[in-house]
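One chain, chain A, links the two complexes that follow: it is found with chain B in the first and with chain C in the second.
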Partner chain A sequence: MALPLKYHWRNLFVRKATTVLTILVIAAVIGVFTWVTGFNSALKSSLAVASDDRKILVLKRGSTSETNSAIPVDEYAKLNQLTEMARDPNSNEPLLSPEMMTQLSRPRIRDEGKTWGNIAMRGVTDAAFKVHSNVKLISGRQFSTGAQELIVGATTARQFSGLNIGDELQLGYSGNREYTIVGTFSASGGPMESEVWGYLPSLLNSYNRTMYSSAALRIKDGVDPERVLKEIEGPAIQMSAWTEPAYWKAQTENIGKYLVVTSILVTAMALAAIFSIANTMFSMVAGRTREVAMLRTIGFSQTAILAGFVIEAVFLSVIGGILGCIGCMAWLAEMGNTKDMFGASSFTSLAFDIHLTAWTVGTALAAVVIVGVVGALVPAMRASRVAVISALREP
Partner chain B sequence: MPESEIELRDVRKVYYKDRIDIPVLEGLNLSVPAGEFAVLMGPSGSGKSTLLHLIGGLDSPTSGSIRVADSNLEQMNERELTAWRSRNVGFIFQMYHLVPVLTAAQNVELPLLLFRMPSSERRKRVATALGVVGLGDRMDHRPNQLSGGQEQRVAIARAIVTDPRMILADEPTGDLDAKTSEEILNLLNTLNTEFGKTILMVTHDPRAASHGQRLLHLDKGVLERDERTPARAPAAVS
Partner chain C sequence: MPLRVVYLYRNLTRNLSRTLLTCCAVALPMTIYVLSMAVIKGIDRFLDNSAKQLRLVVGHKTSIINPLPRGHRAKIEALDPTHQRIMSICGVRWIGGTVQNEPHPLSTLAVEPDTFAQTFSDYYLTTEEMADWQRNRQAIIVGRATAQRFHWNVGDRIQINPSVPPYTPFEFKVISTAPKAIDPITNICRLDYLEELTKQAVTIVPEDWKLQGWVSFFFVKCGSQADVDHFRVAIDALFAHSPDETRTQDEKTFINEFIKQQFDLPRNLMILASLTVFVAIMAAANTMSMNLRDRMNETAILKSLGFSGRVIFGLIQTEGLALCLSGGLVGALTPYVLFTYSPLRNFTVPLIQTLEIQPIVCVQAMGIALVIGMLASAWPAWVGLRLPVISALRNLE
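Moving on to the complex of A and B:
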């Protein structure tokens, strides 16, 4: 039969300082854990959106990102010979989008403009909206053909200042071309939502460019993408190509490394939390050996004693866990829930919206219960094996 | 003649420490009838507490047999002994051993949590036990809000709340002043005479010992004297 919960609950607050310190350690660990889990899940869901393997991204041979790729217009034209390209059912035009990539720099909202971030700016034509079919205008209007107008990805608009509809930006090679923001678009939370788009010929002109950065195309259903990639990379076209998921996986490689480092850090912190709980529980056991001996004497089993100390540790860790989750929510509310990271070689921001879902919080609380149980196990076993007679004789 | 509540036959207890055998009890034979208030006396190290622990099922003999409350303790394992203690024995300690974070009533309730019992029944029994020890008005006090004598009364209430057949008391007045000691001893007398509890009490104090009906003098692990005190008769066992 178990000891009453109020007995365990009240015992937590006998050594207030130790208990509070342990709770704070756990809260810190779980706060970071929740953030990392939320970020990880945001990254995964963002990349899940960019998982269309019917979409092929083409760069200059040897380039690894759009920012260091340049495709002359005549070479770009070679892509038209690809027979496996999907076509627009109405116009019968191939779903092939020439694109130009550059950057613009804007102050971050979260630190009130103290730091600036680079944003990928893509010059596109109407074809882009057919190839990147998940890109949808959500407010304002589409940029006009020939105009110096921009539409902004929703995540980027939330993260950087001066990107609202009606705002004007000085862009171009000499910074003297005035562009107006006329709309906001979504890309179902995918990486393109971190970008700003404008009319391709206008941007080429503003930046004195004659070459495209990349091309995006859509292949027919049922066609093996690997075959198309080989064709593009082959002697007739001689360019580099990736399916969309492979491209974004490579682009977010350093974010993956960041997550690995953060996960190692969180694991180390979790170990520290386990030791902190173990230390607290050892001191609780040491201070209550006579009490444990009395409980054993009057008939409580070793299992009841062991379970009791584990329950106390779980109480401690769950309180810490809840505080950690609340702390993480408060952090996201205060600092903004959008995190931007550099892509691998583009030096532009990829932004992710971090949301604490029930799954994230549930994972954090499950982790904290495991931390509590593991931390309590050895001290609880020691308590359950207290030498009753000698403990009763202790002064 | 009432039947024996405690029956020891050739009980030896040897502790093994630093590769040396330390005999504590040497072939002890003892019979305590139900309803008797027996007092164990003797110098320090004579084996009094060891004998009490053996009878309470907290320790096992090196050899010999111990039959208490119709059970052969030397044949029971740790789990069985734990369950047996909860049903048959109420323990009273010199240092009370109350749980500081629980109220008097919650302390007394602890042994009842080992039984399947509705909470209303538990509350009733706790109130009765605290009433018997005269602390019906201190139910919600924590141990640190009680005097030493009151704490020991709560410990006695905890010992009797399950209505055990016997009470084992290890120096129950060792930490109390003379007046409070007298009150506690009178309470034990009441439990013996009015409630028929078999009591075995270890004490160094001759005045405390005079409250029992029988004095058992242990020395160097041997029962040296076994005598009756003239004043009191054994309780009638229901």
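Moving on to the complex of A and C:
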């Protein structure tokens, strides 16, 4: 027979100070845990969009990102010999997009322009919208070919100022070409939503360039991407090629390292919370030895007593966990949930929004339950093994 | 006095599991605090060193990836014909790079060799290293952490694949691992060697890549802070409305912008450290309140025997302080010993290699532990001080 849940719930309020202090410890730890999980999850979901292994990014051999890659037009033309390239069903044109990568600096909205970020600016042609098929115009209109017009990724428009439809930017190598923003696009929340796009020939001209930075291509269904990568890297083409997920994984490797460091520190904090819960539960057990003996006398089993104390710890933890999640939500609401970080070698910002999704909150609450159970296990075992006769004799 | 010490000792050991758990609950946050502060202080030292060097960084106004013509150097030098306010100018070109079969990118800069040593005097090159640097165009100064990672030693011939055209492997000779430089990662090679190797590439790579006669940044070493402030404005004014306008910042601001875009580690660690201190306060306060409740009767008896409220207050406070100081001591000394004396130091992970836990951070952590102890036992000690003896004795079980 199990003890009623009401009994455990009421026990939490017998020692209010201890309960409140333990809840605050858990809330602080879970607040941080939720933020780190939310950050990680936002980054992963952004990268999950860029996980199309039918899309291949081609760079100049030896370069580490699109920023420092330069592909002469004649070398780019060699890619046309790839027989595995998918073709547009209407025009039968190969799905191959020449692209140029440069940067522009804009002030961040969240700190009212105190700091600036480097935003990736991609020069593209119509082919890009067929290769990067998740890029869709969501407001305004498409840039006109030949005109100095731009469309802006929705995430980057939210992060940086001066990137709204109608805004004008002084761009070009010497900052003397006036570009107008005419539209906003979505890339399903992926890394390309952190970019600004313009017409390739216009941007090449504005930045005094004749070479492309990279090429993106789509391969036919059923073709092994590894085979295409080898062919591009082979003697006939001699360029370096990445599948889209591999490229973005490499570019965000630095962010992953920071997250590992933070996660280690949060784990240490969680251990401190476990010790705190254990302390509270030991105190609860010590204060209720006679009560436990009484419960055993009237027929409650050792397992019921053990489970009872664990349930109390879980109650305590879940309340702390919920408070921690609310605290994290309040922090994000107050301090802003938008983040942007440098890519490993692109030197451009990857922007994303941290949202507390059901999965993030669920993970936090699952973690807090584990913390509660681990913290309560030893004290609960001690409680379940109380020697009934001697405990009842105690004053 | 000895009686109080004995009483304190007995109080701390009468519920050993509670004392140990509290010590751990304080020690862990203190460890996090010490590690976080060590990283923050390391970054601060780096930034402070940059500020002390009185260097300006001149980059292209439109973007950090647009290069500047090397001719800018002479124009900037002409701003100070006396050479008393602008001590030296060094053009720097980023070449990144990778090592064969190693995907992680390197940080490698090609610098103008004639002014490097004067502009970057914080590399503390020896006379012999200086002679090697001047004599050998293939000379490279490798960051000590990078050298350790790839087992490079002075005298070794190494190959780096640059991340810029012509992308073919460059051969270098290691002349120093810059043991005293504050940056343990970055490698420094000669710009004239880079330009010599890229000369051939110019025939195949169009001019727009700007392989010859261009640099990513100029580092301008000034004579005083007033000169830094003056030339920060004067240099940008000099190139205003030219095809290659500049954006000049002091080196500290320039580096700080990069740090802020890389996870903003100092700010995030500071928040984490503050929260861990909060966790430790709550955990210790919990223990002290449990102790007070368990010993309420005992406290009442002590008072009835004639011990004053102030003595009770002192006893509870001392217990809280001793408890937290023990936790603080363990929490602060563990990372200090681990990162100073253990083999962990030899791990070729830059964050670990560069992590220096200064004794002052440990002392600060122990100071914070004492404050935690004081705060955690404040309420129980106050209750002890104000405890009405009669009603407390009435509640004797």
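In the analysis below, the second predicted complex is superposed on the first by the 312 of 395 C-alpha atoms of A that agree within 3 Å, B and C clash if a C-alpha of one lies under 4 Å from a C-alpha of the other, contacts with A are read in each partner's own complex, and residues count from 1 in each chain.
Just so it is clear, a contact is a pair of C-beta atoms (placed from the backbone, for glycine too) under 8 Å apart; a residue touches a chain by one contact, two chains touch by 3 or more.
Computed from a predicted model, the values in this text were never measured in an experiment.
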Partner chain(s) touched by A:21 [first = chain B, second = chain C, both, neither]: second
Touched partner set for A:61, first chain B, second chain C, both or neither: second
Touching partner for A:31 - first (chain B), second (chain C), both, neither: second
Contacts of A:109 with chain B and chain C, given as first, second, both or neither: neither
Partner chain in contact with A:258 - chain B first, chain C second, else both or neither: second
Touched chain A residues, chain B compared with chain C: C
Touching partner for A:326 - first (chain B), second (chain C), both, neither: neither
Chain B versus chain C as contact partner of A:301, first or second or both or neither: first
Overlap of the chain B and chain C footprints on chain A, listed as residue numbers: 395
Of all residues in chain C, those that touch chain A in their complex: 15, 17-18, 21-22, 24-25, 28-29, 31-32, 35-36, 61-66, 96, 98, 103-105, 161-165, 167-168, 204-206, 208-209, 242-245, 257-258, 260-263, 265, 268, 272, 275-276, 278-280, 282-283, 285-287, 289-290, 293-294, 351, 397
Chain A-facing residues of chain B, complex: 49, 53, 56, 58-59, 78-79, 82-83, 85-87, 91, 93, 95, 97, 99-102, 106, 110-111, 113-115, 158, 170
Residues on chain A engaged by chain C in the complex (per definition of touch): 15, 17-18, 21-22, 24-25, 28-29, 31-32, 60-65, 67-68, 70, 72, 102-105, 115-118, 171-175, 207-211, 250, 253-255, 257-258, 261-262, 265-266, 268-269, 271-273, 275-276, 278-280, 282-283, 286-287, 340-342, 344-345, 347, 349, 395
Chain A residues within the chain B interface of the complex: 1-4, 6-7, 10-11, 14, 290-291, 293-302, 388-389, 392-393, 395
